[in-house]
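Heads up, the next two complexes both have chain A, just with different partners, chain B and then chain C.
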Partner chain A sequence: MLRFAILVLMVLPALARAQQVTSAFLDNGMQVVVIEDHRAPAIFHSVWYRTGAADEPPGASGAAHFLEHLMFKATDTLAAGELSARVAALGGSDNAATSSDYTFYYQRIAADRLPVVMRMEADRMRNLRLTPDVIDTERGVIIEERNQRVENDPDALAREQGMAAQYLNHPYGAPVIGWMHEIEALGAADVMDFYHLYYSPNNAILVVAGDVTPGEVMAFAREYFGPIPPAPDLPERIRPDEPPQRAARHLLYADARVAQPHLWRTYLAPERNAGDQRDAAALVYLAEILGGSPFTSVLARDLTYDSRIATDTSAGYQGTSLDVTTFRLAVTPAAGVTPEQAEAAMDASLARFLDEGVDPARFERLRTQLRASEIYARDNVAGLAQRYGAALTSGLSVEDVQDWPRILLEVSAADVMRVARAVLVPERSVTTWVTPGEEEN
Partner chain B sequence: MRRLLAAAVLCLAALPLRAEIAIQELTSPGGIGVWLVEEHSIPFVALEIRLRGGANLDEPGRRGATNAMVWLMNEGSGDMDSRAFAEASEALAAHFSFGVTDDALSVSAMMLTENLDAASDLLALALTEPRFDADAIERMRADVLQTIARRAMNPGAIAGDTLNAMAYPGHPYGSDLKGTADSVAALTRDDILAAWHNAMTRQDAYVAAVGDITPEALGALVDKVLGGLPAGAPPGPPHVDYALPGGTTVVDFPTPQSVAVFAQRGIAIDDPRYFAASLVNRVLGDGMESRLMQELREKRGLTYGVGTFLAPRDLSAMILGSFASANATMGEAVALVRGEWAKIAATGITADELEFARTWMTGEYPLRFDGNGAIARILVGMQMVGLPADYVLHRNDYVDAVTLDQANRVAAELFDPDGLHVVVVGRPEGLEDASTP
Partner chain C sequence: MLRFAILVLMVLPALARAQQVTSAFLDNGMQVVVIEDHRAPAIFHSVWYRTGAADEPPGASGAAHFLEHLMFKATDTLAAGELSARVAALGGSDNAATSSDYTFYYQRIAADRLPVVMRMEADRMRNLRLTPDVIDTERGVIIEERNQRVENDPDALAREQGMAAQYLNHPYGAPVIGWMHEIEALGAADVMDFYHLYYSPNNAILVVAGDVTPGEVMAFAREYFGPIPPAPDLPERIRPDEPPQRAARHLLYADARVAQPHLWRTYLAPERNAGDQRDAAALVYLAEILGGSPFTSVLARDLTYDSRIATDTSAGYQGTSLDVTTFRLAVTPAAGVTPEQAEAAMDASLARFLDEGVDPARFERLRTQLRASEIYARDNVAGLAQRYGAALTSGLSVEDVQDWPRILLEVSAADVMRVARAVLVPERSVTTWVTPGEEEN
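Let's turn to the complex of A and B:
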């Protein structure tokens, strides 16, 4: 039985024919989202848990990601690795990913294999069986993953330091993969506590996209996920807030493996919130205007074209986040330009932008591009599924996801300048210089 | 008069359920071949173009010229400088990207139906009237020189470059297509113009489009985009034999985790044993269930991932693989790779392994056709290696036809443990008989 009637919603009523998206709930509280796309006989089947690295207890960084790896090991009915092997034997592919706010598992496979993958996914929601040797070996894999992604990459090491400096109090300051000394100490209790606390149907969302109908997805979901009882006492996701930032923070990261000095800056910035996405939408524009194009953005104009200060500039904003997010700027100085000179030029460029405002022609082109990006996005059904999964695990609703393109198109130049003045405050910034060599230079 | 011939319309019956992809083989009025899949449900067109030649056409002493030329393709054309060109493409929300490999140039475009004429005008202008302005050349030079400097500090790039230099001395395949700091510093506008004349020709052009467009409109569009290019291309370099004997080479680099890249001679894509070799490679090192992944990662936790793949290029073929492991465990991991290499050459694969690889390979194939851009890339790739459009109908039959005897014959003939050369960058421990480059 459905708790609510199925809502049939269109992604983009304003644009041509759109994918149909439906949302419903099982009796045990599990949300089911179906995105229909019948162009190819394939599906993207995914289960999203509303838990990630920022939900880990203090001292156990990396537990969410460690559990994600161990979810591919044995259950009561599947041997270690069997789920992936069965998916591969059917020509499919599978993987998983952990972020600060969510963990998700997916399979890309022929549409007629839906019940096969859903049965196995439901099985590992509750029936994981871990042994000490499996945990020890996988810890080694994760240490090598951290070596590969972070320890061997000076930029990644510097980014990690920058985020730790940005978030003094909120767990977003810890890396998703975990600090090395805490990974090394993670054991069965850490991951199984996390599993039992968070892996339940009322903390999960099933997102299936592709050549399926909502009716068949709901029928299989009731059969496989329906019998799993909801967790009675899911903790609320309340993380420590950041204190007010009263002083700019500067980091200097030096590493012999850095070939070119570069710098970046983050500012704390508001995220998309349920029913309240306007500021986040304006920040999407701000990132594009400041650093979205190597040709026409403000930083490119001032630092690459009108001067030869930088070879590369960029800006970024990820609004889909449960808690306060960041707005980022990055500059790669040209040869012979110091990070100090490049930072001064970046600051002068920001000041000029705050003074002069948005170029109306650029603003209109951006609106055109954002509208078009919704058309292009429909070519990638797995990308659409991930859009819903990330939003629904970050405090947003299906309606918020559907409203987002319209809200983007309603942003005004005045909105952009308002959020720019609110976010680009020097005292609330963290700036990291990444330089070659072991010493200051 | 338009001369537009629909030579064949195929249904991809090999796909499960009701999918069908109707590939139309067309010739434009101007005589350019193009494959089309009409897909009118989303109002845009994905266009993929490949021009054979690529960085192999760099002239002696001008390594990096073709890459530099491609870098400059969206830096201004006709009467528009780089910013004016960018503003024009932004106003149309058209996406153009230009790339180069050793063997080919690539042009990828996504254009909205609502302004397809104007967007394709802009693409034609980019290809046929690039400006190569002096300031754009200097921006390119600064950026590429930084990229070259970063590669020199990246253990994976160092390993790959070291291996290629030893495998293909004196041939373009032996050096990175971005060039060296010296060669890029010396590039002139004339060098870049020469690279454009050499590489941007329609003699070996391959085109595929998928999306909201009719055959007639596509024919005109292709003529507009490519018709203005010269027809003749210079000869490229000759085929080259993979020349690297087996061994172990260590490049000292101060980093906590060593990176290994390994290779041996490969198999050409038109070799009748290619499907059998692909299946054997899947068993050895392609995927989580492969022998190497099981031995290095699943049983011992020595690496986050190890992979091998067949790497046939136009002028030579390799089998390549790579992984990373902490310095202290690299010796153990390399020994395991060599052991599995010797084992598969000596005893081949089992019937169960063949069946697993086969069902994966045939099941995975139709899943690739999952979007306009993806399908266009598949179709242009098929043309590049000379496959007919109806290959998509028979490809899984070729896979299914491989017998265990054929697989094990190619395992013995192709996989060569004595010819396997491993390059390790880092401070690895436990490697015996290693030399330095």
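Let's turn to the complex of A and C:
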């Protein structure tokens, strides 16, 4: 997660020219994005819905993710599990994911199978047929997933509490998988209401990357998705805003399963906005400068090498988000160092950084590294598709995605210090200490 | 606020016999509660709606309170302000209040004016006529009210941040008056939707106390409220529950306007529930024992007299609430004592109390005091009416209100220690330090 900052930097101008990206719309409002890459006879076929956990009604957390699971069940023409089985039989793979802002479904498969997967994906956009049995069984699967991923993971539990404390009003404070007691209460009406409200062509984006042409993708899209009528009552996508955050928050999460005490801090931070991505780009640098490298970053220098206070430090920022996001720092204290001492050292390091500013040589090396990362990105056509899908479901346009690499390279050291001063504000922060406790939470 | 614990204890059995309370329903579902008290020729006439700030949709905080203001504007037959002016002209007074769980409107007036005020109250249950001008003007009034009551009061600002941190999921985390940015965005649709959804006879309770008989109140209620049809689509009153709270939270609120640093702590605590009020009754004792008296309570003894660490301590609990509420402790450190030291002393005092238990003599004195408080309650017919109104809009029945004094007297010292151990749990607490800061928040 903390390395994610690197992942979003890959489409630099040279690459944008190398890989042709086209965007068009079907008559029913569905956007179709095609990323041509003919080096291998394969495709990444994906449908992205502009809806996620933050669009759930109060009390129904987990509905978006529950529906994602149920989308692999029966439709009018497909048996439960048939879509994945057919993709696998054709040598492909498929999966799906839910975030706060989007839900997407994808298949990786041989390029000539495009119509096969698109027909099935269009089918389940509208024709899901659920029975109470199917819903009850899948609820059990999701409860087990939550047990595995959250209840059995102290860090995950602490992160949930931290996000709930970070967001005073915005639904990003609720976990994407849902609170357990709300998952347990989710019923057919919750998921089907969500499905009927949000799963429609005018709320979806088809992103196909690989050995295809825009012409053939559009032709198949018109055939399979074109007949689906747009939803007439799609709600405007406005979530409750945060009020001013006025108090620095500290959480003490104690859990016997924690082996090594550690702490992290999140600050409320601006996200990438359409036509206005410069602050987000500067925050990508800030994360790299403060915690991107275990050797040369500010926190590593001050806490690991100079003082031996910490064994590990990191920073993270992921700006692709519909609404206000977070900037994250983390410190693992060395043996014998308390979280309190480690936090004080982190604060001293941040104060020194804000006082001294960015080291120019380090800043230029970082810019070079970001430029270099395009070379790795070029091979990852699926990553490219996901970058477009995530951006387009988070309030950004194709143009914003294409501008991003240039904006990244234009960031100055002054920009970084400006966003550092604006974001690293205690009143908008939550610091979580994760420590071994007397008993399990 | 911290003395409120006493206010809820007043209807002891002797009093329940002295003041006759009757309850009946109109055909449209409206409950009518009459508290007869013929000592003075006056009445307290009130209508209570089972809706408050916690019933607002996400993003529209403040709508319930905004509507309360607008209820004094024009209806089909009353000019703006006419209701209050007529009540005043008749020698009476009127007002209204909004909580998280209810909104109520009342008039105190001569008993023979009952039909006059009831006709006007019934009128505005359905016939409010709002124009954009009226709404815009009143929004300005409410913004000014928030400026006065919250923005200019560091404690109020800190309390808002604390409640938002206390409730991870439940709408009690939002302020009743609303977040400023959401008040500013409230429009006619927000308040009128709320009005049409919740202001109906089957969601209202008429509580009349004073020199009246149930027969005359019912006759007038049938005449004025009886013709109003019930709302067919009244939503079930289910709010999002809290997930397990797993991390002790600390807030640091710094504000240059704070003269004297102080701190408080809230713990999530059970509310009075229908047929199940014993834990809440025990928490009333716990608040009194820990912080009810500046001379004899546990925190005063340990922090003020024994150690001179604090200049003031208090505790509070108010159990009339539809959903989970809070138990509150507060400490003002003496000069030269840091909040950290004061909090540590508070924690040591709580640990000592949990270890030593309740002093039996103090417990019996407290029980006697609670019994004695009925004498003062008897004179306060308006207070009695409000106790019924608040209880009946918070999930309790007339019987629960009448049982409460008996349940209070049945509380044992063991009950108090049981609820103390169940409630005084760090993981479910928020501790707020309010300190002078470098700059205003």
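In this section, the second predicted complex is superposed on the first by the 421 of 441 C-alpha atoms of A that agree within 3 Å, B and C clash if a C-alpha of one lies under 4 Å from a C-alpha of the other, contacts with A are read in each partner's own complex, and residues count from 1 in each chain.
Rule of thumb we're sticking to: a residue touches a chain if its C-beta (ideal position, glycine included) is under 8 Å from a C-beta of that chain, and two chains touch if they have at least 3 such contacts.
These numbers were taken from a predicted model, which means no experiment stands behind them.
Between chain B (first) and chain C (second), which does A:Ala259 come into contact with in this model arrangement: first, second, both, or neither?
Only chain B; A:Ala259 stays clear of chain C.
One more residue to check, A:Ser293. First (chain B), second (chain C), both or neither?
A:Ser293 contacts chain B only, not chain C.
For A:Ser93, using the defined touch cut-off, is the partner it touches chain B, chain C, both, or neither? Pick first, second, both or neither.
first
In this superposed model, does chain C or chain B come into contact with more residues of chain A?
In the superposed model, B touches more residues of chain A.
Report for A:Asp359: first if it touches chain B alone, second if chain C alone, otherwise both or neither.
The answer is neither, since A:Asp359 touches no partner chain.
Touch test for A:Glu36: chain B only (first), chain C only (second), both, or neither?
After superposition on chain A, A:Glu36 lies in contact with neither partner.
Looking at the overlay, does A:Leu157 come into contact with chain B only (first), chain C only (second), both, or neither?
Touch partner of A:Leu157: chain C, not chain B.
In their complex, what parts of chain A are in touch with chain B?
Those residues of chain A that touch chain B are 16-17, 39-42, 80-81, 84-85, 88-93, 108-112, 136-145, 147-149, 151-152, 211, 256-260, 293, 295-296, 301, 304-305, 308, 311-312, 332, 334-335, 361-362, 365-366, 368-369, 371-373, 375-376, 378-381.
Which part of chain B faces chain A closely enough to touch in the complex?
Spelled out, the residues of chain B in touch with chain A are 15-19, 39, 41-44, 46, 82-83, 85-87, 90-93, 95, 110, 112, 138-139, 142-143, 145-146, 149-150, 152-153, 155, 254-257, 259, 287-289, 297-304, 324-326, 356, 359-367, 369-373.
In their shared complex, at which residues does chain C touch chain A?
58-59, 61, 157-158, 160-162, 164-165, 168-169, 171, 173-174, 179-182, 238-241, 243-254, 426-427, 432, 441
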